[in-house]
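I am attaching a structure below and will ask some questions about it afterwards.
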Amino acid sequence: MNAATLFGLCGAALVGIGLYGLITNPEPLRKILAFNLLGSGVFLLFGIIARRAAAAGLGGDPVPQAMVITAIVVAFAATAMAIALVQRLGDETGQASISSDSSETGEEKS
Amino acid sequence: MSLVMDILTICAVSAGALFFLAGTVGLLRFPDTLTRLHALTKVDNLGLGLIVLGLLPQTSSVLFAVKLVFVWLLVQLSGAVVTQLIAGAVRHHGADG
Amino acid sequence: MSIASVFDVALVALILTIGASAILVRTAFAAVVMFVVYGLLLSMAWVRLHAVDVALTEAAIGGGMTGLLLLGAVARSRSVNVDSVRVGYPLRLAAGALCALVAAGLAVAIFYPPAPVPTLAPMVMENLPPSGLGNPVAGVLFVFRALDTLLEKVVLLLALLGVWSLAPDHAWGGTPGLQVYARPDPTLIFLAQLLPPVGIVFGIYMCWVGAKDPGGAFQGGTVLAAMWLLVIVAGLQKAPAIGRLWLRVLLVTGPVLFLAIGLAGWVFADAFLAYPAGYAKPLIVAVEAALTLSIAVALGMLAAGPPVRAQQQ
Amino acid sequence: MIEAYPLLAFALLFPLGMLLACLWPMALLRMPSYLAFAPIPAFVAVLLVSDDSPLVVGPARLHLTFALDLPGALLLGVAALLWIMAGAYASPYLQGRPNRGRFAVCWLTALTGCIGVFIAADMVGFYLFLAMLTLGACGLIIQHETADAWRAGALYIGLGLLAETLLLIAFVLLAMDIPGDGLLIGDAAAALPTSPHRDLIIGLLIAGFGMKAGLVPFHVWVPRAYAAAPAPAAAVLSGAAVKASILGMIRFLPLDTALPYAGTLLAAAGLFAALYGVVIGMTQRRPKVVLAYSSVSQMGFIVAVIGMGMIAGDGRAALAAIFYSANHVLVKGALFLSVGVIAATGRRYLLPILLPVAIIAVGLGGLPLTGGALAKIVVDGPLGDGAANTVATLSAVGTTLLMLQFVRGLVTTASTDYEATAAPSLFWPWLSTAAASLIVPWALFLAVPEGMLPNPLAPELLWKALFPVLLGAILAVVLWRWVRRLPHIPEGDIVVVLDSCVKIAPAWGRTIEQAEGTLRQWHVAGISLLALTLALGVALLAQ
Amino acid sequence: MPAATALEATTADGALLVRAIILPVVGILLSFVLGGRYAERIAAFLLPAGLCVACIVFLKIWQSETSLSYIVGNWKPPLGITLRADGLSVAMMVAMAIVICLIGVFAHANFDSRVASVETRAPMVFWVMLMAISGAMNMIFFGGDLFTLYVALELLTFAAVPLVCLDGRAETLQAALRYLLFALLGSILYLVGTALLYGSYGTLDIVLMSQRVQIEPATLAAATLMTVGLFAKTALFPLHLWLPPAHAGAPAAASAVLSAVVVKGSFFLVVRLWFDAMPGLLSVAASQFIGVLGASAIICGNIVALRQKRLKLLIAYSTVAQIGYLFLMFPLAADPLHLQYGDVLTGGMLQAISHATAKAAMFMAAGLVYAALGHDQISELGGIARALPMTMFAFGLGGLCLIGLPPTGGFLAKWLLLEATIATEQWWWAIVIVAGGLLTSAYVFIVLSRAMGPPSAPLILRAAVPKYQEVAALGLALLSVLLGLVALGPIDVLQVGRPEAPMAWLR
């Protein structure tokens, strides 16, 4: 097994771990964290694909590497937005959870 | 010449690694925040310093060597400041902070 | 098994352990700390994958900035009563099993690479010289797939507007919060006075070097943003009001220049986002410089969060 | 002669234009007074058009085609007549009542739909105007906005849309069988006997049109809807609107090809409805409900005629059914209109009005010299001499009985004011309709070339027509003595079953809602996502 | 998509595609600099301009019957990115541009940025996001590269989420957070797929992919993950958890955009993926599976919609159900024995377009009712039809389109789908289609009957409703009704760029 495959398996495992956290963890903040973990696992997959395709004197295919950079920035923007939402939600309600739907309770308020 | 350099590198890097090990043990074993900080910072400085020192002979250009030293200096700076901040926070909020 | 392999295996084991514990630990604070450590380890993995550009980006944005945001959120939410409905054990088990199956499927999919591994690396290297760039990743980002990069800048702007949109109505146009960090501390002030000059030089260097070596607008911009945040956190300077014209102008400078050069390419080089022969490198460097500034401001403002106070007139 | 297409286009565009004019509030305000004019172009078109060259709208590939064939022209003519009279009747009827504007809009919608259905020659157009007719009719039914009206409207539109859904499937199936791109109804009917889905299509068509026609057991909407609708609306609905389904059956079912099984089914269903309507109708008190059940019975009878035609593969049955329908259009229209007239008339002037009503009513049972008797003669051929004819006679007896029951009920609804008289603007349209219902069948009958049909004045035919009427009258007298013993059956009889189903439905709905709520929990949705991923992956692997 | 050869080059009018994408981007950048007070004016100029560009592209493609393509920066795939417009994309593009423009007209009342002397929050955010959505949709329709499409998808999500919580109430914030997180989950799954596909074929260009794609584990895994990720973003049952609260909680104009436009983006990508990027990969079992999801969406969504007490929630659940119809085209188009392909795609796209127009009109109508009454409880709508006749008429027309009565676009779409069910002998989908129509008619009837009924208490209108808002809603509703007339010709455009017979079946 070469390094690329090893990190590829690591990426797959991280995807699994991230998915688990995103699905089962009730706190939104932890969900966001799990999303980032999931994302980094996916980026690793790009990384091993780039590494596998090393050629022309490069250590890896630059195209997927460039894609990862783009994706990391997008993921960061998403994280910033999600965290801002969580904080505002916390400010509004004094609690922050999205596991149970409150659209039914919401209608009485409106 | 290169043999001497290599020996120097091996010695210095090994010593640095040893310091890191000691620091990590200290971090885990010491009883409270302040003593942990103590272990960490001392070892951080020394360990990283030794490793940088050990790597210097291996550099190909002067610019690269300067970069290495620069890295060490920056870590020094941030380490010192962060330690100060943590210690300050501990004093302010108590040891559990 | 070579030393490198041992190192890789150890690194992977560590990444997985820290990653799993970031998910499983009890408190949010511990989880975030784990995540920051995880981010640093991951950059090492990127170096091992010969992707130094990505490693820098991951360390700066993935670990650093995201960690900063998460820590800030945890610090603020500690006073908030978190109502946590825990998912029942059987459901967790089911979720775990399904996650494991999905991960296993993914592992199978990547375990069998196609026989001749397809790669664009030779094509990139073949077409890179006309642009004058030495860094193939920068080449992909600014030459071959420039449209993606341009769009991604717009994404960043939209995300910033999205964060701002969470402000209360009266605070619109005002200054972001950042109170969590705002605790005047002589040590911090010292750092904030000493580090930024170094950091700014470093950031510019990173952007400059990106044309031929690893580095570039993102990484440089992140360093600049970090310096800026440091200054703000130390209380040396206030966070700018989001309504400020200079802030808005800085935010769009990069994308506007990028777009303008792209449109100029329409006139002078026969295609949108094409560079006229011979001028490619200076144009790209100019775009990168402008983008570095815009990214720095955008990242800084994203980290600073929505405005909370109306601007004092 | 005059070419068909400008007339056809005008017949359709005129009411449509009036409908669009309603978007303008001033026009809407006055529209109720002008309803009678809307169907006039259609009536003129029927009188003037002699060729059946079609009107084609749209480019070559996908277009709407309109044409006026003989059955369509016959029905359209009498229907337009009824719409004109009822429109004139509606104008004073609406005076001072709420929702006049909406009534006009729904009226025009239904009218446009009705005219369109009668002249549509392709399936899309037929479906389109049928839907328009249903929507407009629904609006007319809920005009009074009582709880009953809403319930009737809901039932009507529910069954109507269900019927249209079945028809839609049938049409799509038919469209697949037509060679080429065309969607002409004629081609569809021609392709039907050899279609691989023949039985399915015929089943769908019968069910769909049966629902629209009020065939048992889909008749549940009929009593409720007619009882709830205002008198002029009930007149056009029972008279003109339901005939769309008869026309549909004639257009779509291949009557030239013998299809014994389907024909037997249709005939049996129709004959059963013909008797069932009479029996249930006898237990009813309200005149409009009695009329509604009579409609069920009569429509059943017409369907039976079509069914008999299918058994024999006799295309002439279609014309016979159309003739019977045309008679029914005017008679039922006149009777429904009389309900409003009687309600405005005091005891003093009751008899002069009640007499023509009674004649027309009993005419439906086949009173000699009325349109009903002529209709019976016309359908005698297709019905044959077998069991069907016996049932037809029974039905005639029953209809007489039912109509006497109607007249008897009608008397009780007369105005309490002894001196009251109906307004002339209410009275004259009714009288014209009544007159038309007597004259028009004769005119039509005499237009048939001599020798095709027996002489209606022949003594044995007169007796054959009179004897069920007399029997019915005797039975009526006998029955009225026992009337207290008759069971009380709710309006719409088996609809109560439907009502109880409706009561169970919320429980099911709640269960589904709860399940959906569970699915919307975050972790459940997440687990579903994973499960979907795995399932889809496995399904993809199964190449 | 046209068969790409090594010779594929920018076509004559390809530059129009770039214009369609750049216009909104310029608008966003300008709004940032000039400030929110100008955002509306910028949008008022750029959105109609975008519509014009869309119409021109549409006409060009319709008349020339060939696709347009534009090679960005003159770098051909696999290295570079190509923008391509075929029949599907221009049809969707024109429809979405029209809907967005009319929503812009409607939104003027709520987000007038000129009334305040300084920049205000809601108008700035709304108009910029509206332009962003328009740009992102164009990008999704034209994008020829799967990774570019990922960025466009994220652009769409980031533009859509802030619209959900524009009024800042706690429950809308919660809805927005759910939406954001679930959408992120969806897009990250999509991203995994692109990684795997790149690993297998060394390109993400759709045309190149369609030439190289073959059945092997990584490709199937990629296809699965991308599809499910897009399902999550489209809110296909049972992954619809975020849709009802988000669409029901947002301001009316935002709900209209979200329901009519945004969900179509990810749906369009599913179509692109299976019919253009990976033709022939969809197994019968998988297509039936997708069909089952669509069918359960129709049945379940409609039944739950029937039970809603609030008008906007009812409409949101109706969206859940209508999304189901869109996915019925997969089992119908993927039957290898019959080459019904083209008509089914046309039917599905027409369903998407008619739902967009009808649903936007209905959400607008619901918003006006809410504005007038101060609530949207269905049981207390009595009398509103008399107070706002034009609004309720628009609602009714939209309802007719959803039910699928002629001559609406919904009818034509259902006709095409029904024909396909019969041609492929999959009658079970026909039952679902017609049952869905009946259930739809039930809730439309309930709402209309309540609205036309007498008020329980004397009706007090809280606010006067501007005429032009009613006109915008009515315009969209009429559009949805008249869509049936596209059968007279423009419908052909959907077939432009489709191969005569899908080559993948022949393998």
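To keep things simple, chains are lettered A, B, C, D and E as they appear, and every chain counts its residues starting from 1.
In this text, a contact is a pair of C-beta atoms (placed from the backbone, for glycine too) under 8 Å apart; a residue touches a chain by one contact, two chains touch by 3 or more.
Note that the coordinates shown come from a computational prediction; the quantities given were computed from them, not determined experimentally.
*Asks:* Going by C-alpha centres, which chain would you call the most central?
*Replies:* Given all protein C-alpha atoms shown, the central chain works out to be E.
*Asks:* Kindly indicate the chain pair that has more C-beta pairs in contact than all others.
*Replies:* Counting C-beta pairs in contact for each chain pair, the top pair is A-C.
*Asks:* Roughly how far is subunit D from subunit E, centre to centre by C-alpha average, rounded to an integer in Å?
*Replies:* From the centre of subunit D to the centre of subunit E is 41 Å.
*Asks:* On a C-alpha centroid basis, what's the spacing between subunit C and subunit E, in Å?
*Replies:* The answer is 31 Å.
*Asks:* Averaged over CA atoms, how far is the centre of subunit B from the centre of subunit D? Could you give it in whole Å?
*Replies:* A distance of 95 Å separates the two centres.
*Asks:* State, to the nearest whole Å, the distance from the C-alpha centre of subunit A to the C-alpha centre of subunit C.
*Replies:* One centre to the other, that is 13 Å.
*Asks:* Could you tell me which residues belong to subunit B and also touch two or more other chains?
*Replies:* Correct list: empty.
*Asks:* Among the residues of subunit E, pick out those that touch two or more other chains and give their numbers.
*Replies:* If we look for residues of subunit E contacting two or more partner chains, we find 79, 147, 151, 154, 158, 161, 165, 168, 173, 178, 185, 192, 196, 199, 202, 221, 225, 241, 244.
*Asks:* What residues in subunit D touch two or more of the other chains?
*Replies:* 520-523, 526-527, 529-530, 533, 537
*Asks:* I'd like to see which chains touch which, written out pair by pair.
*Replies:* A-C, A-D, A-E, B-C, C-D, C-E, D-E
*Asks:* Going by the contact rule at the top, pick out the subunit A residues touching subunit D in the complex.
*Replies:* On the subunit A side, the touching residues are 19, 22-24, 98-101.
*Asks:* Quick one: which bits of subunit D touch subunit C in the complex? Just the residue numbers, please.
*Replies:* Going through subunit D, the ones touching subunit C are 523-524, 526-527, 530-531, 533-534, 537.
*Asks:* In their complex, what parts of subunit E are in touch with subunit C?
*Replies:* 10, 15, 18, 22, 25-26, 28-29, 32-33, 35, 70-75, 78-81, 118-122, 124-125, 128-129, 132, 135, 139, 147-148, 151-152, 154-155, 158-159, 161-162, 165-166, 168, 173, 192, 196, 199-203, 216-218, 221-222, 225
*Asks:* Inside the complex, what are the residues of subunit C that reach subunit B?
*Replies:* For subunit C paired with subunit B, touching residues are 185, 187-188, 190-191, 194-195, 198.
*Asks:* For subunit E, which residues are in contact with subunit D within the complex?
*Replies:* Per the touch definition, subunit E meets subunit D at residues 178, 182, 185, 189, 215, 220-221, 223-225, 227-228, 231-232, 237-241, 244, 281-283, 285-286, 288-290, 293, 300, 303-304, 306-307, 400, 403, 405-407, 414-415, 418-419, 422-423, 430, 434, 437-438, 441-442, 445, 449, 452-454, 487-489.
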